[in-house]
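Take a look at the structures listed below.
Across the two complexes that follow, chain A remains constant while its partner is chain B and subsequently chain C.
Our next item is the complex of A and B:
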């Protein structure tokens, strides 16, 4: 206990375990990832040899069709999935703000997917979407729609993964929006009503400005989460069919763990990290600036 | 006017109802099918009949998965989750205490780093972290599963916010009475923080219970498999044995669901930072 007599050390001692953990296992790996992306490992002659090659791994990547295809799929997925999830979460949150006798139980039921881990959701949806015996093909058959190939089709697989991730994700993001909506003072709506605002005007001029910070947070966090979405690819599609679900994070994972090409793997991860930071930076820049000036509080 | 109002209520119920079906259908079907034999599942599906949604009465699939090492991975997951929750709560609450109680050199910068670490998605650093574990010899051990997951910026933040609300007079009085700083933290602040600890502990538990990629790559030995990894393995190895996949999913999904529903209030306020009314 003599330690604690030295006043200036006290805060650092309290901080030390968590700080060491954060630096060693959260921040340092980013640095390692970049450093290792500059190294080429050769296995010639049985011995592992590590050679520092500057940006050669990146050069190979930029000449690689698979990488560009993967980047394209990642871009497509990002553009579709994030606005879709935000719009659906917001829509659901607004629906669940309505007063009803059953609202508590309805809300609880809608939160169910939060409690289910993504691997479980993926496995069950994988069985539901089975082309031969799946439940979905059975159900749409009732309406006379022919069986669909779903996850084994080049054109449908990515959409199926979007659907699975959205089923799992919407409830989670909705939770934040619901909390944000409940924080908006009722008087604002009453004032708008006295001024004769239509429901749409109330949404546009009260809800949206008041909810802006929550929406921004959800948008940024959701984007970051979806850049590393790969569980459905690992369990169901392996990036296929015909690379149609081969997003960057999965290509990085596969290069390392299937082909032992760590230089390539970590170059991809580094590029993905940089892209993520840029996209999130842009979101913060463009979406938070407009908030100034019309702030009420 | 009256008619129009009614109409919008019906529309609301219709949309809510359709949404609920989509939300619940996978659960319902999965749990119902986990109590059937494999051939029964397929018979109910082709051609599809209402029986697909009625639960069966067989427990065979549940017995079968426990013969397939499922019990082992559940025990592993319990062990890893409990140690991660205990360790994580301790070190993150200490850090939160430091940020709330003291002004010290570099506090803002360090706090910034902590928040930044929270923004780094775990799956993006999984591969470099994997290489690091191999270098320090933790690869394929419980250390790799537990220790890197302990420090958590979100949990530090939650504790800091809570400790900021504890009256300074209380802490000063305790100091005057001769309590050490660790005593202040351990005997006064921590016992007061039950609501945060519940929410934060639940978050840490759920993070650990649901993690898939990290346990998959960091500890490939079957003796170290965690529940989600075993589940993923089932889905490829027993591709055609649907009832076992459903049974394993039902068990793996059940526990977090129960906890989240028991502590829904604390869970939601820990996540969203908004006190639930």
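Our next item is the complex of A and C:
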């Protein structure tokens, strides 16, 4: 009973379940992953030996052009897919804010992709993008466009995956932005209208500043989600053609589960974790309220 | 009330004791083997009282699951399916144990064909007895060949068709506008089947002597010729379609969309219910080169971390050493046997002398005389994955020389763990 009288402990008590969960399921695996990335497993002489090699696995990685190519693809994917998904989600959210008799039906239609599991969506898109018998080639053929190789082309495969992930992700992120838009007080828009603001000015000086925290959350969460995007690679491309879709997370997965090189795999995953933290840190730094770039006039 | 509760508790405890006394083993297999094996597993359960829990996985997932369970040294696995070339890898890493002691009362040479025993062994010990074997043949669509004016490939050794003849004919058949292609491999971009190309061109298996290096063995002239051939059929002459997976190839042939199909004996039963007018011939080779076909298949091993190795070994022996299982595989699934009794059955039953049964006879001949055992290396898992990816990259337009050079360097780097 005395325990509960010590009031300073109460918040910690409430936080404890979440903290324990974070430590057990987030921090501990990250630590284990890092520790195992310093270990080299040798089968020399027919017996398994685990050797602590400090950063030798990383050294091998940095000398490996597959790793650098993979890093390049991950960077390209991140630069394209995150702004694209945020812009499309925001655009959709703004469209769905408009008053219409059928708005509920339209909103439900746009939310449909959320209800389809990513592996299923990927398989369906894979069938549609089939270069020989796919629906998409049939559709573009109507406009006189020749059949495209899509997922078997070095130049098109990553774009196809961006399209699939965006189709699946946009509706989900739009939900948050829609909630954020609903939260903006109507009086702000009325005041802007009285001041003679154009629709663009209302968007620029009312919507964006008021939505900034939501956008920041969506940006951070979307970035983290896309860094670990690999279902389409596993199901459709296996990192190919010619490594054009071989993102870091897939290379890490493949090194561990296909090549049994856990030292290499966990070195890649550790580097990916660090990159994710840096990118998210930069996003928080530049987009958080303290460093506000956009002032409400 | 208390008495009733006490009685219930006693019954509950007693039933648990009885249940736990019954042996139960977990058996990891490929999805394709569930149907053929289930009746025999049930018979084994009846005969021994050992309960077998079958867990099925698709090909890639099966290998990944075995790796994950092996890495965790999990004791909830007892028996596993083993792809023949993975025997050294699993043995070196201690994932499967030697089986000789469980066959001590008999002669394995009397049960299995020598090639099966060789594939099952590493360093002179048998680790995973063979369940079956495999053989590759040339299937052709008679109507498409006649329309193109091509001669039908032969079943006679002296008239064996060459890859050059296959390409010439396939060019005449190909009509891309109508979705018809002249040629396709059954297992597209898979080392198992494509190994025959570099082997026939004199390039070897890709794995160097000793099994711990690929330096110079994946980029020699034979492999370059094979890589260029694979590139050309998909990118120059376009006789083979892109974007088709190994699971779709037999369907395309069955639909009459492919002129010539090189694939395993097991495909034969797949077209039994179609109107396809097809024939079968020996496997192709490069003119002036060696005659080589893919072979070996699935084996079964006892999981080294199992706590019930004796029971597990009983199941392995029951499934691999029983003539009934091997003959069932031949009769019902067109799988080539590794068991001597089933090999004899194929040789003696007259139905295997006429089409379509002759497929089994031809495949047995190919496997017995022209089998190219896949590269023997403890790093086979990495080797195969990288080679498969490289073939797929070449198929999708990658320069064969640079793709193979990359693959060689990558495999060489992963092999350092075994040196």
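In the analysis below, the second predicted complex is superposed on the first by the 266 of 297 C-alpha atoms of A that agree within 3 Å, B and C clash if a C-alpha of one lies under 4 Å from a C-alpha of the other, contacts with A are read in each partner's own complex, and residues count from 1 in each chain.
Please note the rule applied: a residue touches a chain if its C-beta (ideal position, glycine included) is under 8 Å from a C-beta of that chain, and two chains touch if they have at least 3 such contacts.
On a predicted model such as this, the values are computed, not experimentally measured, just so you know.
Of the two partner chains, neither chain B nor chain C is touched by A:286. After overlaying the two complexes on the shared chain, residue contacts for A:42 are found with chain C alone; chain B is out of touch. Ranked by how many residues of chain A each touches, chain B and chain C are led by B. In the superposition on chain A, A:54 makes contact with neither chain B nor chain C. Once the two complexes are laid over each other on the shared chain, residue contacts for A:64 go to chain C alone; chain B is not touched. In the superposition on chain A, A:241 makes contact with chain C only, while chain B stays out of contact range. By the touch criterion stated above, A:176 is placed in contact with chain B alone, chain C being left untouched.
Applying the stated contact rule after C-alpha superposition, one finds that A:257 touches each of chain B and chain C.
In the overlay built on the shared chain, the residue A:131 is in contact with chain C alone; chain B does not reach it.
Chain A uses residues 133, 257, 262 to touch chain B in one structure and chain C in the other. For chain A in complex with chain B, the touching residues are 1, 4, 8, 10-12, 14-15, 17-30, 32-33, 36, 92, 95, 98, 100, 106, 108-121, 123-128, 133-135, 138-139, 141-142, 167, 171, 175-176, 179-180, 182-183, 224-225, 227-228, 230-231, 234-235, 249, 252-253, 256-257, 262, 265-266, 269, 272-273, 276, 280. In the complex of the two chains, the chain B residues touching chain A come out as 12, 15-16, 19-20, 22-27, 29-30, 42, 45-48, 52, 90-92, 94-95, 97-99, 101-102, 104, 107, 110, 113-114, 116-117, 119-121, 123-125, 127-132, 147-151, 153, 156, 180-182, 185, 209-210, 212-213, 216-217, 228, 231-232, 234-236, 242, 245-246, 249, 252-253, 256-257, 260-261, 264, 268, 271-274, 277. Listed in rising order, the residues of chain C touching chain A in the complex are 63-64, 67-68, 71, 92-94, 123, 179, 241-244, 378, 381-382, 385-386, 389, 392-393, 396-398, 403, 406, 410, 413-414, 417-419.
On chain A, the positions that touch chain C within their shared complex are 40-44, 46-48, 60, 64, 66, 130-133, 149-154, 238-243, 254, 257-262.
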